[in-house]
Amino acid sequence: MAEITPEQLQTWLNHSRKYAAAGEVASYIPELRHAPRDALGITLIGCDGRSITAGDCSVPFTLQSISKVFTLLLALIDNGEAAVFAKVGMEPSGDDYNSMLKLELVEPGIPFNPLINAGAITITSLIHGPSPAEKTKRIMQFFQEIAGNAPLRINEAVYHSEAETAHRNRSLAYFLKDNAVLGDDIDVEDVLETYFNQCAIEVHCSTLARMALVLANNGVDPHNGRTLIPRRYVQIAKTFMVTCGMYNASGQFAIRAGIAAKSGVSGGILALVPQRWGIGVIGPSLDRKGNSIAGIHLLETMSAALDWSLF
Amino acid sequence: MAEITPEQLQTWLNHSRKYAAAGEVASYIPELRHAPRDALGITLIGCDGRSITAGDCSVPFTLQSISKVFTLLLALIDNGEAAVFAKVGMEPSGDDYNSMLKLELVEPGIPFNPLINAGAITITSLIHGPSPAEKTKRIMQFFQEIAGNAPLRINEAVYHSEAETAHRNRSLAYFLKDNAVLGDDIDVEDVLETYFNQCAIEVHCSTLARMALVLANNGVDPHNGRTLIPRRYVQIAKTFMVTCGMYNASGQFAIRAGIAAKSGVSGGILALVPQRWGIGVIGPSLDRKGNSIAGIHLLETMSAALDWSLF
Amino acid sequence: MAEITPEQLQTWLNHSRKYAAAGEVASYIPELRHAPRDALGITLIGCDGRSITAGDCSVPFTLQSISKVFTLLLALIDNGEAAVFAKVGMEPSGDDYNSMLKLELVEPGIPFNPLINAGAITITSLIHGPSPAEKTKRIMQFFQEIAGNAPLRINEAVYHSEAETAHRNRSLAYFLKDNAVLGDDIDVEDVLETYFNQCAIEVHCSTLARMALVLANNGVDPHNGRTLIPRRYVQIAKTFMVTCGMYNASGQFAIRAGIAAKSGVSGGILALVPQRWGIGVIGPSLDRKGNSIAGIHLLETMSAALDWSLF
Amino acid sequence: MAEITPEQLQTWLNHSRKYAAAGEVASYIPELRHAPRDALGITLIGCDGRSITAGDCSVPFTLQSISKVFTLLLALIDNGEAAVFAKVGMEPSGDDYNSMLKLELVEPGIPFNPLINAGAITITSLIHGPSPAEKTKRIMQFFQEIAGNAPLRINEAVYHSEAETAHRNRSLAYFLKDNAVLGDDIDVEDVLETYFNQCAIEVHCSTLARMALVLANNGVDPHNGRTLIPRRYVQIAKTFMVTCGMYNASGQFAIRAGIAAKSGVSGGILALVPQRWGIGVIGPSLDRKGNSIAGIHLLETMSAALDWSLF
């Protein structure tokens, strides 16, 4: 693991940063709208405890879709594999991340996988807890534990601004309700409240790297040896990250980088190299598919140089 | 207009009634669930004032989708042709009446036509009025005037039970909101409240026949000579009734009967023969596409026998 | 029928001709590629024998999709209503004229209607005859009879150039074969040969007007009183012309003009006013949906001025 | 690699064989139609040269879709990465293996990936050679080399019976031609001839295992140390096998087994464990998605027991 020097990392980052110009910052998130379009930061934390960083790692951002990986893990812990996959499928969809088309065409009418919005909303509905507030609290605690007990907070401004862009998610949720994917006991607005909260959890690159590290280490916290997530569930999550983690550019990222990763429209990317690195990236400028342009470029460059591909 | 004797009408009705056995009563409407599955009634009112009736015409039922024709007319009166067709298209869709598929595929993202649910919800959003209650009141007054000042009432039980089946419509409405078909000033829940009210207006066969009569007479009340609807708007409404009036069996009904008609999932059908008849039919047993089986059969039989087709 | 003077017709035509500039001539047909983009011609023939004409009526052009109306009629004569509608549906599709999407989504896998390409190819497969050459000959004879025994010829250059653009139709035909819409006894290449021939029949505005006149007169040749087509089949054809005749602008044309019409990508339009006029139009400049821009504008103008709408 | 004993392998095979009863043998392939529905065989060849086998490994079968992996490799060798991915995408489709729906919806109109039929036909069109016969010959030579110079032959009966079921592939190919994915210099029938030949290559389990072994060994023949395929191209192929190798059950197989594999409708599956095993399986009884039921079960069982998942 001596292969990455800070100088080399800085060189790669400088090169990838140029690609940010071709994209757009997701304008609906006030905090990130203020972030410079060409911001780019990366933190790697090794299983040996070593940390290495470059670029704009002090920029806070929200988890957005990255949260889906960890609510999936909590839903698996709460309900088991069989109950979860009775409600969501396992197939990549090839479609936009918030497409409704697929919902209609597929029998028996369940979302394709847990990482598209329809699937993630369904997963959130499976989190145990007597109220949206309690569910959000359980999610926060679970995420914090995986993040090495770093204190996490909800970015309230982002939470509230989600409401302005929530029409599509609300539409999806009522569609799921109509198809009984969200059952009789599930209140749509309650689920959405929890879902918007999980998306609005604020992190830094180092938080993502720390969370990814636990996945890279098969669910075990490398600092204290505690098993935080059963290994089989980590395996499930990593598989979805490879097949569906980068929206409908997942196939391309698998060919080019070949590592488990999950992006969010905040420009964050969580990635990992098994047994070696937990990685957090932030680059707010997005491509047409919703992924951080410069962040993708940086990870592809590093994977090629360091032979990280699983394949 | 001497062509229809009560005896002949009764014979046709008796024959068509048998077809009801192949269908299903829409179970979500409590009132109609209690109606005998093989109920079938028809009322015709001539432009000369003559009325003729057969079968179960005392059964009350709700307008459901039949209301869409008249809110379209009111929206045209309130906004004019250009403003209305900036928000909804003019094409038959070939799809299920509440399909979302089409919403996604068509540019620039407006509903195909005013008679599919997405289009009808959009039309309701265009009705003038400061509040949902006021809009509902204006709709009621407009409908009553066309119905010859018959007092109309909302079936509250049906209105409330719509809530249980409203997930799909709510999903459609938020999808429209996301696509800015429902503008910034439109509250989704407000529109749905008005929409569910218009669907829950209770009528009899004679009400439908009286409303259809005004359309058959090009917008003029034949009893007092008053113009209730501009002729051009009646023409628009009649065209949509022919191309899109019977859900995705509209093309078949045009080939077989060839008359302007609109059905509802209550089993009601409003139909008309220009310059001659306003027609109301009730037959709660529905086919797979949501139309009254026996009602469709009766109208097709009569159209063939009496050479009613426009074509 | 004294309402249209040659001067008035010329005025309307001059006005509509300006709209041609917004469209494009279908470039794959060599003959029409040479036609001036702003060519526009119209011929009307009355049931009383009177003929009236304006503009560029000497331009020859090929029938293309207009042929579909008359092969449908011949297929009905050859096979009867039940056999024909076992193979094609009756619903407008709302999609592009050569869309494959609908073929996949609709059960039981038959084309939506006889006027989309998939439906028309299926209809051609139903024409009786021992060989493609014999079928083409029967089609030619039938068309000629309806055209008042005007001699018709195949434009060989157009027939052969169809081969260059036939990939989509060939794809559709094999899809139909795969779905058993084209049966075991049907050779795909044979059907396509006949289909390309029917599309390449060369006509003038006066030919279209003469053919439309027979439809306007319910299947009877007004000049000699002979019934060329059973009235019920004419009714079926006219209904499809209203609901599906102008590709996926059919609904709009029904609202705006309200008359039975069928267009082709050559820029021709056949239209009719029942009991009054057979109409032929040529205007090679097409809109995005494949209809003659100026031709559509001219027919909408005349329908509004002369109150031609069926509705 | 001492972990698999012949006894253990036989036990797993006996258990998985029972699942064959739930599926159907693909009836269009005469040879396999005669194979007992519950046939199941597996051969593993280790990088150390060790071979282990159980069940019905003497059954010959045709490559079918398994061939797509190796024509992709040859196309990459012939044309390079950039030229290949200008013609096919990298995304899983989530749809049926021969769906046309996706072809229409995706811009710029190229097939989703090289392993769906549309993509595989496109890949075959990229193989170098002056004629279909020469291209087929080059494919055979390439496959033979990877198979350890085992002599391969085309099953002529299967090749010819493909013609009966080729309507869908022919339809796809003309659709690709229409969209210029197959260029002006490509004759559709020529491409299909080569494609049907590659699908009809006859193999045994041991052939598949030997071909998979070269992929497991990153393109190097473990017996003589020769590099047969550049490592980067093997990586690309393995990635597609994981994301798209098992039709629209690929996501599920990734979750459950997590190994690179490709199935064919003959019931064959080629799979591999990096640096360890090349695997060939035959089990003619297929599930609804076109994969060998018992074969899938056997590989999932072994992957779980032996911890083969990449994830």
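The chains carry the letters A, B, C and D, assigned in the order they are written, with residues numbered from 1 in each.
By definition in this document, contacts are C-beta pairs under 8 Å (C-beta built on N, C-alpha and C of every residue); 3 or more make two chains touch, one makes a residue touch a chain.
Values in this document were obtained by computation on a predicted structure and should not be read as measured data.
Asks: Using only Cα atoms to place each chain's centre, name the chain farthest from subunit A.
Replies: Computed centres place C farthest from subunit A.
Asks: Quick check: how many Å separate the C-alpha centres of subunit A and subunit B?
Replies: 47
Asks: Can you check how far apart subunit A and subunit C are, centre to centre, with Cα atoms defining each centre and the answer in Å?
Replies: Chain centroid spacing, subunit A to subunit C, equals 55 Å.
Asks: Give me the residue numbers in subunit C that touch at least two other chains, ranges are fine.
Replies: Only 101, 105 qualify.
Asks: Between which chains is there touch?
Replies: According to the stated criterion, the contacting chain pairs are A-B, A-D, B-C, C-D.
Asks: List the residues on subunit B that touch subunit C in their complex, please.
Replies: Answer in residue numbers: 89-95, 101-102, 105-106, 112-113, 235-236, 238-240, 242-244, 248-252, 254-255, 258, 260, 309-311.
Asks: Quick one: which bits of subunit D touch subunit C in the complex? Just the residue numbers, please.
Replies: Interface residues on subunit D, with respect to subunit C: 99-101, 103-105, 167-168, 170-175, 177-178, 188.
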